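Scrolling down, you'll hit the structures one after another.
In the two complexes that follow, chain A is the common piece, with chain B as its partner first and chain C second.
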Partner chain A sequence: MVDAARHPKIDVRTYTQVERVEGFVGNFKVQLREKARYVIADRCNGCGDCAKVCPIEVPNRFELDLAPRKAAYVAMSQSVPLLYTIDQEACIHCYKCVEACGALDAIDFSQEDKIVWEDIGAIVVATGFNHFDPSVIPEYGYNQYPNVITAMEMERLNNSAGPTVGNLIRPSDGENPKRLAIINCVGSRDKRFNPWCSNFCCMYAIKNAVLLKQMYPEIELSIYYIDIRTPSKGYEEFYERAREMGIKFIQGRPSLITEDKKSHNLFVHSEDITLGLVTEYEYDMVMLNQAAVPQPDVDSVSSVLNIQQSPGGWFMEYHPKLRPLDTPTDGIFIAGACQGPKDIPASVASGSATASRAGRILHSDEWEIEPIIAQVWEDRCVSADGKKCGICAKACPYNAITVEVGTAAQVTTAKCHGCGGCVAECPHNAITQLHYTDAQILAQIRALLADKPEEKIFAFRCHWCSYGGADMAGTSHFEYSANERGVRVMCSARMDTDFIYEAYRLGAGAVLYSGCHPQDCHYITGQLVGASRAERLQKIFDKMGMSPGRFRIEWISAAEGQKYANVIDEMQQTIDEIGKEKLLAEIESMKPEMEKRARRMYEVPDVTDASDYSDKMKIAMTLEVVDIGK
Partner chain B sequence: MENKDKPLSFMEQVQAIPGGEAVSVCFSCGTCVSRCLIQQKVEKAYNPRRMMKMVMMDLRESAFDSPTTWLCSSCELCYPACPQEIHISGVINAVKELAIEKGKRSPLKTAEVNTKTCVACGLCVEVCPYKAVHLVEKNIPNRGKNMTIAEVDNEHCMACGLCSSVCRSNSIELTEDCTDENVIDSLRNWLTEQSVKVTA
Partner chain C sequence: MSESPNPEELRIGVYVCHCGTNIAGVIPPDEVAEWASHLPGVVHAADTLYACADSGQTLIKNDIKKYNLNRVVVSACSVRMHEATFRGAVSEAGLNPFLMEMANIREQCTWAHGHDKEGALKKAKDLTAAAIAKARFLAPLEMITVPVTKRAMVIGGGVAGISTALDLADQGIETILVEKEPTIGGVMAQLNKTFPTMDCSI
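Moving on, here comes the complex of A and B:
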């Protein structure tokens, strides 16, 4: 930390909050609130004379309230930079500190929060994790029995810089405990609270036990566990060492802790499952390994940065295996335990990796993106005519579209990932997607349904999942109906209602609307846009009296080749069961309605005209690089 | 490909009965066992965690013969403590239903109806927490044909004795140690002991 603060290219801003983030990769503008410390940073030398004279004591959060601090304080003795802060909520304005500071004259009670804007190229989020409060588990008596403590409290109690100078004492009487129980999975692997494994508590349980055994060789230590998880280099060997030292490992999750009111000793009730015996052992002290949980402010951080959360509230990665540190927003990365519980080696590794990912951006003048971005045809956008619309902006998972009444919607190209959701949602056909224009897709549909359309099963597949599923069915040589024909778009969000109507107007026997399972969507929420549109369509077709099964919605992953083959076969069966005569009659009777519904499709420029049209709008069609403005 | 004709495994059968669905997510932590009063006060061999495992490992016969199958009183002490949110008594009752189906019988000394005095008021039917008492029509020797009378379903009776405590005509009671007379005797003895202690 000291090295970081000294580094000429690292600017450490503590006591500063990120309040707004605007712009895009390479071009972020970030609003910071530098909170008032009531101490002038350039003058304070960290001597601490102010704290010595300050008469006010409040609980010290860093010491988990196990010790006090003054109203003039530093968070901890190793704080970098070592700058004192006056806690205005506690301060009684006696100004003793001002006197003690003397000639340095570093204390300034008139200071106010400062708002500054910075130009930032890339952002790494490393906001870490928080600790589960075990007092919500009544069985364990935390906050009720003084000698039940948390692992975090233990970290302070056995730390030589901590409030007891490393002397482990029982809060009830100040004695050293002779028998200590450590309980794992407190609030972790517990569906009532947090279903996940907190990753590092097994290991720090063993670490603390080994440390305590070294400090107090006489101490009896038992670790209660469901499973001990040691899946890293050297970890199992460390576990082995703990057993060699005589630390007891009891497999069983305690169901209850009770207390002897006089001695404040504790009884841990648990089954020892390896023995099949219910046990009740007495201890002087119990340490609860509380779950790692997301920070309480994840929602506001998510919304400031426009990044998403995985279930539970951990920040979400772009792809769990292939892009584990990127967020779906280009230029914003996640490192350490904010992405999910990680120990120190893993946090440091991800920190270094994100730094180099961010470095790539800072060292390039241009940023390559896929050329499949959305583009607004300004003369069609009703917003330009002063009408309120903004449907495109709502569909965009990346906040890449800004809509202001009076001007046409604007796509920030560097933010657009090319799902095509806005294109399909726009009711005025005012947006197109390069390489996936309406005209191109319609041309494919028309070509594929030119011959005996009533025999065809027409599939709309997304690039990442259902197309991969179809591919998998092919490469695995799964047999399925040869009547399947299909087009590929990037995301189910691009599957325009008009494409479906057009397929039916042309006489398709059946239509498949397929894409990723929602959790697999490569465009954050693109699948949701696609899915709700598909459900709307299903209702419309039901109302029109379409035979059940002629329109089918299926979410198929790239690994589900067999499912793809099965779905197509079932659709073939549906067509066969309806029978050619009835099918043809149904197609014919619905044609006018389909034609009416797809009518605005005919207004879109043809394939050849589309590029001319775009050129006319003076927007480069060959946009492959964006200048990131440096 | 799934084989539709394959017979259901023991676990699948248990999961098919309402209440038995969640058995497969048990990770054997033992919380339920050390929570359970039947285990601690009545029968050491009683072990819901092992019951979950027997179901998962297809040990049908061992499960049917286990006291756990027959002694669970659905007191629900374990359910709110289970970190996997398994409705444990639901699983045990599902096993019990399958055991009964296979002709297994409860080892409990269940309640008995005195057919000579029962007046079919139905109070016992109302209070039984296990729905183990029903009113039926029966021929009672020396009393009459097609008489309405209470009848205990031995497989579902948990011998809690609630029925006998509400019966106004003393026509339903538990057997052996738990007859009304025995209970009153032991209560009287206990009270005498207490008063001896107090006066001494």
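Moving on, here comes the complex of A and C:
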């Protein structure tokens, strides 16, 4: 900790939050809110005179409310930086602290939050984890029985820097416990709460047992467990040592804890699987190894930084095997337990690894990004003819398009992230997206619907989420109907109405319009553009009398493989229920309308040539390198 | 973008991967390749045991020269897995990397339809055909280069964030470490002695 604060290249900004992130790899702009501490950093020498005179006491969250702190406080004596903070919520403005600070004059009640912008090349997110609140499991009696404590409370109680100076005492009477039960997997590996294994609690259960045994050789210690998980180097040996020290391991998940009202002793009711018995043992104290859970503000952090979440709310890696610390956004990485429970060695290793991932970028003078950006066909843009339009600019989440009447819309290359929203929104087909042109996408649709289209479930998927969800379905071997056929675009914003009409014109049995959940969108608001278009389409199809379910809108994250498989299977069921004859009749009757609606795109250069895939090649193509107008 | 049709002949090479038994255990890749070889624009189609392995990449690179290919379609796994690999391979053989297109016949086909071999085969053919169809319209593109601000930001000052910041700073990179609490340290600062070394945590 101190090393970080002393390092000349590290600028530690505590009491600070990230509010906005703009830009792209190598060129992020980050907005920070430096919260007012009411203490001037360069003047405070950490003497603590203010805290001594402060009359207000509130529970110290750092001590898990086991000890008080003042309204003028540091979280702990080893705080880095050692800089006092005045808690405005608790402060009664008696100004005794100002007096006590005296000549140093470090307290300034007129301070306000400061908003600063920083230019940043790469970002590492290491926001950590939170602790499951065991009071939601009523049968364990946490918050009802004073001698049931959490593992975090234990860490403070047997800590020489903690509120009891390392003397482990029972909250009910201040006595040292003689019999302690440690219960594993509290809120972990439990479908009612969190399905995951919290990774480090088996080890800290053993750690605390070993430490307590060394401190109080007479203490009886029992660890209740489902499985003991000690896979890292040296961990199994550590477990073995604990057994040799006489620590008892009871295999079973306790079903109930009861209390003797007078002594406040506790009875742990549990099966002992090894002995095949139902047991009820008495203890002086019980420690609950609460699950590691995501931070409570994980949703807002994900949306500010554009990071997706795995099931449960952990930050999701771009690829679990090949890019385990990257996020889908180039230049943003994840380290430590924010990705999922990790112990200290694993957290440090991932921290070092992300420093190397980020270093690749930060040591380069230039970085390459994919040229899959929007391009305007100037002669087709009506703005160039003096008409008011600008629909494209409204769709763009990045303000990358400027439209002035009299000239064609202009895309600023460096600002365009390539969602394709403007391309699909332009009513005049005056914009294309490189590598995801109308012609390219239509050629795919036509190839996929060439044979028995009425049997097909045609899925439009966005690159980051629903295509990832389809991958996840496969990776997890969740099987679904093999009649699914899909194309991938970068964002649901790119899913042009024309593509949907064309799929139906060609006779598709059903069409899925799928992208990310709104909060996961890789392009800030691209999904909103896609979603409102999809809803418009739904209304049109309803009006046309399309059978319900033949058009379906679903938001599927890259983690939701099961959902992807279920949606496809439900759509298969829908077309099965309609029946082939009725389906074919419906497709046929709607064809003229679909053709009329899809017609617009036949005006696009290149597209007519994509019309008949099985036809002899007569395609328009260019082998010149495309000038992307940098 | 040039709109004028340039009738240069299309020469597409198609590679259908076995991925060991991941793909070949469900569908016959050689049959997909044989079928693809008759599609318009395709001048050569082959199956390969592991397209991503050195041998597979070498095959593609050699074929680009041998058959004078100007488009490559790799029918294998997810773009999220190996698009960068195959873009790299074709560009080593002198082809613009954006003239390579993938079909995902593993995650989105054989792994998802393992018990419907017939359905999976039809789908693998269609997915390969769609990639070929798109390949016919691919245009070569140049990467965009952007400048890099040589400053890092680490968000969260727990043990992970501190390690990241120290390693970046030791590489000479100016680093801002942002922590929402009044002190850095995270959960580790609250702990007693820590395993595996059992030393004090701070």
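One rule holds for everything that comes next: the second predicted complex is superposed on the first by the 368 of 630 C-alpha atoms of A that agree within 3 Å, B and C clash if a C-alpha of one lies under 4 Å from a C-alpha of the other, contacts with A are read in each partner's own complex, and residues count from 1 in each chain.
By our rule, a residue touches a chain if its C-beta (ideal position, glycine included) is under 8 Å from a C-beta of that chain, and two chains touch if they have at least 3 such contacts.
Every value quoted in this text rests on a predicted model; they were computed, and no experiment measured them.
Asker: Considering only touches as defined above, state whether A:D105 meets chain B (first), chain C (second), both or neither.
Answerer: neither
Asker: Determine, under the contact definition given at the top, whether A:R156 touches first (chain B), second (chain C), both, or neither.
Answerer: second
Asker: So, does A:A75 touch the first partner chain B, the second partner chain C, both, or neither?
Answerer: second
Asker: By the touch definition at the top of the document, which applies to A:D576: first (chain B), second (chain C), both, or neither?
Answerer: neither
Asker: Quick check for you: in the superposed arrangement, does A:I373 touch first (chain B), second (chain C), both or neither?
Answerer: After superposing on A, A:I373 lies in contact with chain C but is clear of chain B.
Asker: On the A-aligned overlay, A:P254 touches which partner chain: chain B = first, chain C = second, or both, or neither?
Answerer: first
Asker: List the residues on chain C that touch chain A in their complex, please.
Answerer: 1-6, 8, 10, 40-41, 70, 78-81, 96, 98, 104, 106-109, 111-116, 119-120, 122-123, 126-127, 129-134, 136-196, 198, 201-202
Asker: If you look only at chain B, which of its residues touch chain A in the complex?
Answerer: Residue positions touching the partner: 27-35, 39-40, 47, 49-50, 81, 83-85.
Asker: Flag every residue of chain A that touches chain B in the complex, lowest number first.
Answerer: Contacts found on chain A: 139, 185, 189-192, 226-227, 251-256, 269-273, 276, 278-279.
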